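Could you have a look at this structure, given as structure tokens, before my questions?
As written, the chains take the letters A, B, C and D, and residue 1 is the first residue of each chain.
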Amino acid sequence: MDYQKILNTIDEELSYRDVSGKVASYIPELAKIDPRKFGMHVFCGDNQHFSFGDSDELFSVQSIAKVFSLSMAMRIMGEDLWDRVDVEPSGDAFNSLSQLEYENGIPRNPFINAGALIIADILVDQLENPEQELLDFVRKITQDNSINFDPKITASEKETGYRNIALVNYMKALGNIKCDVEPVVDFYFHLCSLAMSCKQLAQAFMLYANKGKILGTEEQVLTPVTVKRINSLMQTCGFYDEAGEFSFEVGLPGKSGVGGGIVAIHPEQYSVAVWSPILNEQGNSSLGMKALKRLTSLTGVSVF
Amino acid sequence: MDYQKILNTIDEELSYRDVSGKVASYIPELAKIDPRKFGMHVFCGDNQHFSFGDSDELFSVQSIAKVFSLSMAMRIMGEDLWDRVDVEPSGDAFNSLSQLEYENGIPRNPFINAGALIIADILVDQLENPEQELLDFVRKITQDNSINFDPKITASEKETGYRNIALVNYMKALGNIKCDVEPVVDFYFHLCSLAMSCKQLAQAFMLYANKGKILGTEEQVLTPVTVKRINSLMQTCGFYDEAGEFSFEVGLPGKSGVGGGIVAIHPEQYSVAVWSPILNEQGNSSLGMKALKRLTSLTGVSVF
Amino acid sequence: MDYQKILNTIDEELSYRDVSGKVASYIPELAKIDPRKFGMHVFCGDNQHFSFGDSDELFSVQSIAKVFSLSMAMRIMGEDLWDRVDVEPSGDAFNSLSQLEYENGIPRNPFINAGALIIADILVDQLENPEQELLDFVRKITQDNSINFDPKITASEKETGYRNIALVNYMKALGNIKCDVEPVVDFYFHLCSLAMSCKQLAQAFMLYANKGKILGTEEQVLTPVTVKRINSLMQTCGFYDEAGEFSFEVGLPGKSGVGGGIVAIHPEQYSVAVWSPILNEQGNSSLGMKALKRLTSLTGVSVF
Amino acid sequence: MDYQKILNTIDEELSYRDVSGKVASYIPELAKIDPRKFGMHVFCGDNQHFSFGDSDELFSVQSIAKVFSLSMAMRIMGEDLWDRVDVEPSGDAFNSLSQLEYENGIPRNPFINAGALIIADILVDQLENPEQELLDFVRKITQDNSINFDPKITASEKETGYRNIALVNYMKALGNIKCDVEPVVDFYFHLCSLAMSCKQLAQAFMLYANKGKILGTEEQVLTPVTVKRINSLMQTCGFYDEAGEFSFEVGLPGKSGVGGGIVAIHPEQYSVAVWSPILNEQGNSSLGMKALKRLTSLTGVSVF
């Protein structure tokens, strides 16, 4: 299949002008991004790379990074992890707090904020230097030592992260947080402020398209069962309130972030990352969703 | 692949004695079923049949039939259907009514009861004799004219269906039900009381494994896009509060019913139906879940 | 105290022009009312009557009548009544249905719709001809045999009462409704469609200002303890989401209806009824609230 | 009326042995209290004092102190206060967080925790030394300079107050908290740890029975309208989920705390405080509720 030709078609067909919506503004630093940015990178299982646009530019990966912290926690905890966080779609945001109370502080899945904060608590509890080990993990699976946090984003998250601090305190009251609140949210704010390009994200997520092995070195970083679990979670819970729509339109496991990035993988075929900062009402990149839909449409392949 | 050998292994390994849980009791007729029943049937794309146990015995398909009514409504309404029901996982049951109010009477997906009642309203509104046309549709895709409703189950549903009647009245108050309440719930109670065997269910669901064509006649009953949408919905919403778990453990689109039946499909490979009336806490067949997990484990294939 | 002078002051000071808001439109018949209507009637413990404006004109009392049905049910059931309905303020409307589910079908108090429907179920269960006995009760305590239902309002309620029918079915599913759904909602729709004037309402509610005795005949219709309970409920739960505000601004036990009527009582002093059909955002008569606030302000008396 | 005889009767009739229930355990220090403690103090408008039992012993007033902070905030803010907190009963606890979200961070009333935290934010924002000024206010209205915080309780609150810290962070995210989180919760934990005896509480609450004037000095500390508002709030919102029951059984405005104290006032007649640490299911003192019910029953007076 000529992936570059397909990407060129997507690049020609789609433009930021076609989508309404807004760049994320919940933290001031994100609101400064140029809404015209648009890039995409496909990394194939035969080690070939294809791309267009701003695919080498760094952006804030935000919730996409929850896949990395989850992977680290699953390596440490194994199946015991699921005593502290569930694996079911959350349905909707509006009652997430009463849901937490009703379910005794067990978040519905590790990709909603409450769940990702439980994962942060586990890593802070188990690791000596969780921020550094997170960087080490991401650099390793990406095979790129330049990856780092964006300190402006980290600082902006900290200044405005009251809702997440509320969640951690609330779950601590319900008995599901072991560590002190501050290091947990501090790790979480670092996690969300990882800066990566589409190319780097595609390289990192090849791990999940390749049954847990780094393509090239063939080092087995995650077990195939762990990868199956994570892919399954990305399929059912990776897109907030748009998980069902993404599952139908694109048909691949994936994860989005409010920085405008989306990653998706086709097991044993390819990993793909796309970036456009304009978000739709559900908080996912408008242009990114369209681009991925065109990709699976033009390649003629989905899991269904 | 030797499917019969795999089924024999499952038959030998698993027994109703291994599972705790209870037969559905929400309607009196269902509570009378023998909990020891256990059968399974695999129907392959090359037209081969494999089975064990009580796979030819009729049972109440209950919510599995929602896939049939949804298919009929999609044929009639096309994309307009999604103005009246959403395609997202519902998260949880406990606040489904406040969710409905919050979202102006638009159910989260067509497989929760509220959504299936909207589908019933559409069919009652659009069809002259909806019960008969439902039978015609199911008999056609199953290629079996003996399929019928179980009148005892229908009567039992009617006597105790206050919660569903409440849902229809509530959605009518919110403006999302067109017809009178009685014919809508009457159709719905008939739908849930379809009696089919594992073999018949596997035959019917081959349609969804075969891109919308009846295997053998190759008649295109549903478009490939409709089938992709339905499979995507079965993947994300087919198992109540256990959708995420099923997606991971089995990794196939599927649908369960409180009669103890489960169907699943592997696109372009096979359809499968299993029946055991003992339900787990989430309302899905305990033994059925185990059997399907063993099937994908022994065949080594899932969508992830 | 010169009540007539006080009423004249209120009549001069206040006008329907001063209030924004809308006439109730949830049933078509109510939407036809002239928004300029305004009347008030005070009935004193020394048997004197004072009034102004449209105080003799009949209007739809709506929820005010829930006090009558509650009184009848308390006479029949005594303290056993409180096993089926609670006595606490409901807080808010938006999650009333999930509240019902959470609390196993026990409504928060007898003045929210769910609670009044439980009362209706009790009366339908216990009385041979509940509509007639309701009329008998109201005519007796009002000492006025002309009081009747408004058949147009009853019919309009029936045509559009899907939300109330939903509530009854839902509570029946939860085990807190004994009778068939239809006679229960039928009684309820009759109850809400009682037509009375301000004068008649003030006469009826003198019972609650006079420790359960009809003023004049001194017949003890309700025990003093029953009256104390009902007055306490009117104080804490009589005004939907505005109970706290009314308790402060007026400081008397009272009950409002979406027909624009409000009644209030000052124990051992007077009963008062006011009518103006324009409703505020909470569903209470805007002008009626102002008029009662002026009344307690000018008489210098509240319970606090 | 011979109040001392009435109190003696209550003392003889009631004992901690008559009530089941448990001492508050949500903070470790409270769990250490002797459950046999029982005292009561009535302070009459003619300056007479009546009491029995442990009425001079200090205990943790907990939520009763919310009346003091509310009074201070109303003096500072006047009617503007009600832009930030509502005056309606809250209905129930289980979904208080989703209620906050639904209502944009405006708590239902100043006596639920969220509301009292808003009051704390106001005082921290407006006062130079809020803890000291709180002590000054309480000492002044009680006419007793010995009143102080219990530092063990303050420390215990701080160690376990995650739910309250969550609430403040959550409301800060929703824009209804001005100050930093720490001083707000620090003030709140001090407030709850005020230690007072029944006698001191009865003296303090005479202010609310005496139209805002200190009995004796006749200094007008609060306006009559402010007192009317506070009494109205105590009537409708003073007893968590038991406000309706208290309103009926006792019929006086009052406020309870999980330390086992209850205060109530009869306007222009008396103030009363009772203490017994064993709590009923709603979190109010079991014996205290019974004692107050006997008091209004034996004196034959309630507001209804």
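Keep this in mind: a contact is a pair of C-beta atoms (placed from the backbone, for glycine too) under 8 Å apart; a residue touches a chain by one contact, two chains touch by 3 or more.
Since the model is a prediction, treat every value here as computed from it, not as a measurement.
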For chain B and chain D, chains touching each: A, C
Farthest-lying chain, centroid of Cα atoms versus that of chain C: A
Whole-Å gap separating chain A and chain C, where each centre is the average of the chain's CA atoms: 55
Between chain A and chain B, centroid-to-centroid distance (C-alpha), Å: 32
Geometric centre distance via CA averages, chain D-chain A, whole Å: 48
Sequence positions of chain B contacting 2 or more other chains: 94-95, 98, 102
Every chain pair in contact, whichever chains are involved: A-B, A-D, B-C, C-D
Residue ranges of chain C touching chain B (in the complex, touch as defined): 94-95, 97-98, 101-102, 162-163, 165-170, 172-173, 181
Parts of chain A lying in touch with chain B, wherever the complex brings them together: 86-92, 94-95, 98-99, 102, 108-109, 227-229, 231-233, 235-237, 241-245, 247-248, 251, 253, 267, 302-304
